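There are two complexes below, and they share chain A, which is joined by chain B in the first and by chain C in the second.
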Partner chain A sequence: MLEAFAQNLVYGVLIGALYGLAAVGLSLVFGVTKFLNVAHGEFLMVGGYASFWLFTLWQVDPFVSLPAAIVSLLVLGAVFYQALFSRMVKLTEGVKIQNTLLIGFGVSLILQNLALKLWTADTRSITTAYSGQVFNFLGIRFPLVRVASLLIALVLVIALQLFLRRTYTGKALRATVENWEAATLMGIDIHRVYLLSFVMGAALAGVAGALVGVGYSIEPGMGMSWTLKSLVVMVLGGLGSITGTFVGGIILGLTESATGFIALMAGGGLTYKEVVGLVLFLLVLVFRPEGLFGSKEG
Partner chain B sequence: MNKIQITIIVILLAALLAFPQFITSESVLNLAVYVLLYVSIASSWNVLGGFAGQTNLGHAAFFGVGALVTRMLWFAGWNIFASMVIGALVAVVLALIIGVPAFRLRGVYFAIGTLALSQILLITVGNTFSTISSIPTEDLKVYSLVPRYYMFLGVALLTIVTAYVLLNSRFGLGITAVREEEDAAESLGVSALKYKMLAFGISAFFGGLTGGAFAFYHVGYYPQLTFGPEWTFDSMMMAYIGGVGTIVGPVIGAVFFVVLREFLALRFAEFHLIIFGVLFILVVLFLPDGFMGIWEKIRKRLLRRSK
Partner chain C sequence: MLKLDTINAFYADLQALWGISFEVNAGELVALVGPNGAGKTTTLRIISGLLKPQSGTVTFDGKTLNTEPAHKIVELGLCQVLEGGKVFTGMSVLENLELGAFVPQARQVKNQTLKHVYEIFPRLAERKNQRAGTLSGGERQMLAIGRALMSKPKLLMLDEPSFGLAPILVDQMFQMINEINKQGTTVLLVEQNVRASIDIAHRAYVIENGRIVGHGSGEQLLSFESVRSAYLGDSHA
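This part shows the complex of A and B:
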């Protein structure tokens, strides 16, 4: 019983790392540009399919093809940014959020139905030679690919944090978050900063999607659930904190798996674990809108 | 309204009332039912999303609750009209409960909060009512489409007339003021929360009523169906493409949506959603007033020429 519970929590942390990775992408875009890209989950789905087809058609290992997933999402993100989102840069914050929400929604509808047309509604997953491998530690099973995914997510989040703290461009991004008008006056090209953070957010979604395809499964309709999860995590973690967001992802994963376990023990449906994150989200919105780790000014 | 407009409305109304007397084809009647359903749900979404400018991404919750409660009461032997009204009122109660906390947060949090709410209901209802809900066999023997058509016509007319009366009243002025500039409206003594709650309540009521009509109409479905996000998203797109915040806009949007879907469904299923997505983006970017905006421009140009 206790062992089964611990096993569940481990699974929770492993999926939570991917929630965190996806949410960090969404949060980065929202923090810098105030664009609420609700097509984030569809970007993730596209990343998953890119990896899936590379593996199925040309037997490219999904971990080797991660750069390809990144590049395809960088391109996709840039296209959508230039064609649609770049028109929103100069709007006031409220209008900007509202309009990007609507446009993102249109984009998600198009991507989802295109995926349905092109690749059918089948659930797919990338099954490599080593997919079934697990190692045991203290009687708990650790699936190899999921542990590798967690490590990759961790490395990417740390790299992003270093990029934002240490590099000149990263500082320009953070300056834009603080005050974009002042940043423009200091000679920062706001269009470039927006474009960069938008495509970086898309690329993070792409990686998350590829990793979901290896450790779990993908399908055309997965986008909305992932967008919602990313939003939940973004609010949980508090806007503007990369580490807070990643930890928020793990908390969501843990909460879900614990709820799933309890629901299962109580004879309820496993799908209730999908509800708990949303309920948590509503509670945080009502009682602590600045997030669990955010500061009041956030 | 001028004389020409009144004449058009009277003719249209007469045609809609006489429609089932002349059309006996079941598929055409079903199509008409869906047009009226989408007119009602899009118009009810528009009361909050258009008039009040509060993007509700969880309208399906109210449609679904209306359908669920109506179906239960009706199957328990209640009169269908009473069941529908109770269903709609339950939807209003739900709106009032989540309205207070949700409106404390502005803009996008309201949108995401309502989406989260409808997803919670979707999953919970799917778990709780996992069997198909079918009209009992003895009732099915006397099932006829014509009363369903009139039911939907009634709901659609009631929704449109209410929206029209609201927009041309004190409420209309207040809610427009809140949408355009909330802080300025507040400083003039307009209670933003009161007006938003009113709009939310009315929107939920008619969303619930439409759901009730759906419960009366549909022979057999999984209760989860009525909570699906597509009800919300279709409503939102119909309102925007037709002309958000207007009375006629959602009506035109709904007719266009159903016709396009029928036209495309023969060759490519679900393709209409891609076209609708593209149109929606174009409207948001370039034509914030939708088809109604185009119509206004043409009308103004014609008027100028005739002078």
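This part shows the complex of A and C:
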């Protein structure tokens, strides 16, 4: 019983890392641009399919093809940014959020239906030769690909953090978040900063999607659920904190799996698992709107 | 060096500037003084490109700025310090200064300029690793000016640098601005503190209701009855 519970928690952490990775992308975009891109989950779905087809058609290993997933999403993100989102840059914050929300819904419907047409509604999964490999530790099973995914997510989040802290471009991004006018007066082209953060957010979604494809499964309709989870985690972790958001993802994963386990023991269904995230979301909004790791100022 | 020619500017439907014309020559310290809401800040925003004029031209070193985006104008050597400084509070003092040297030509000589800025504002050197959000009002203003100097501007534009400072700091602030000008940076100073600005400025323009209503050397302006009564309160003395 205890072992089964621990096993569940491990699965929770493993999926939570992917929630975290996806949410970090959404949070980066929202933090810099104040664009609420609800098509984030669809970007993730596209990343998953990019990886799936590279593997199915040309047998490219899904971990090797991660750069390809990144590049496809950089391009896709740039196209949608230039065509649609770039027109929203000059609006005030509230209007910006509303308009990008609507654009995001449109983009998400287009991508969803396109995926349905092109790739059918079938649930797909990337099954490599090593997909079934598991190692045991203290009687708990650790699936190899999911552990690898967690490590990749961790590395990417740390890399992003270093980029924001150490590089000139990263500092320009942070400056734009704080005060775009003052940033402009430093000679920072905020349109480029916006574009950069948008495509970086898309690329992070792409990686998350590819990792979901190899550790779990993908289908055209998966986007909305991932957007919702990313939103929950973004609020949970607190805006402006990359590591906070990532940890928030793991907390959501843990809460979901713990609730799922308890519900199952109590004879309930697994459906409660989905609800718990939203309950957590509401609780944080009511009692700690700045997020678990966010700061109250600015 | 800088020339504004019959600038008309609007905020939405509201006209803020009415045919503003003035110029700043290389090496000068020029003050733009006037009451709150006269259009001083709007004028600076027009020059730095944050707001585009509806008509009229802004030229800097012979180049028309009207169509240049704001971040390009910084590269030409024009830097505006916003009212209140608007330092990046979540970053360290040093990071703020580094961002000041964002434009390519300034980045190349960053370390040299940094030394120079620390000489002008030793306080910033002492606090370089502190978060800018923890600085006092005066220190933030110094940081904002230091950050602007990091871009190696030919013309530095200051918006109300004395605003909100303790009286003793106000004097120091004006001395520092004077010093920066003496070291070769042209300065356009926007202030409500008319007497102190006129004292250090070579020339000053008086702006009211979006129009330039007076112009002259500091001494000349001080003799204007309207300026004396409106800004210096002499008539009530």
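Keep this in mind: the second predicted complex is superposed on the first by the 297 of 298 C-alpha atoms of A that agree within 3 Å, B and C clash if a C-alpha of one lies under 4 Å from a C-alpha of the other, contacts with A are read in each partner's own complex, and residues count from 1 in each chain.
Note that a residue touches a chain if its C-beta (ideal position, glycine included) is under 8 Å from a C-beta of that chain, and two chains touch if they have at least 3 such contacts.
Everything numeric here is computed off the predicted structure, so don't read it as measured data.
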Q) Touching A:L57 in the superposition: chain B (first), chain C (second), both, neither? A) neither
Q.
For A:L36 in the superposed arrangement: first (chain B), second (chain C), both or neither?
A. first
Q.
For A:L2, using the defined touch cut-off, is the partner it touches chain B, chain C, both, or neither? Pick first, second, both or neither.
A. neither
Q: Considering only touches as defined above, state whether A:Y272 meets chain B (first), chain C (second), both or neither.
A: first
Q. Which of the two partners, first being chain B and second being chain C, lies in contact with A:E181: first, second, both, or neither?
A. second
Q. More residues of chain A in touch with chain C or with chain B?
A. B
Q.
In the overlaid three-chain picture, which partner chain does A:A129 touch, first (chain B) or second (chain C), both, or neither?
A. neither
Q: Check the residue A:V107 against both partner chains and state whether it touches chain B (first), chain C (second), both, or neither.
A: first
Q. If you look only at chain C, which of its residues touch chain A in the complex?
A. 48, 50, 69-72, 74-75, 79-82, 86-91, 95, 98-100, 102-103, 106-107, 133, 147-148, 151
**Q.** Complex contact set, residues of chain A against chain C
**A.** 168, 171-172, 174-175, 178-179, 181-190, 240, 297-298
Q. Mind pulling up the chain A residues that touch chain B in the complex?
A. 36, 84, 87, 94, 97-99, 101-103, 105-107, 109-110, 113-114, 116-117, 224, 228, 231-232, 268-269, 271-272, 274-275, 278-279, 281-282, 285-286, 289
Q: Over in the complex, which chain B residues touch chain A? Could you list them?
A: 55, 101-102, 104-109, 111-113, 115-117, 119-120, 123-124, 126-127, 229, 233, 236, 240, 268, 270-271, 273-274, 276-278, 280-281, 284-285
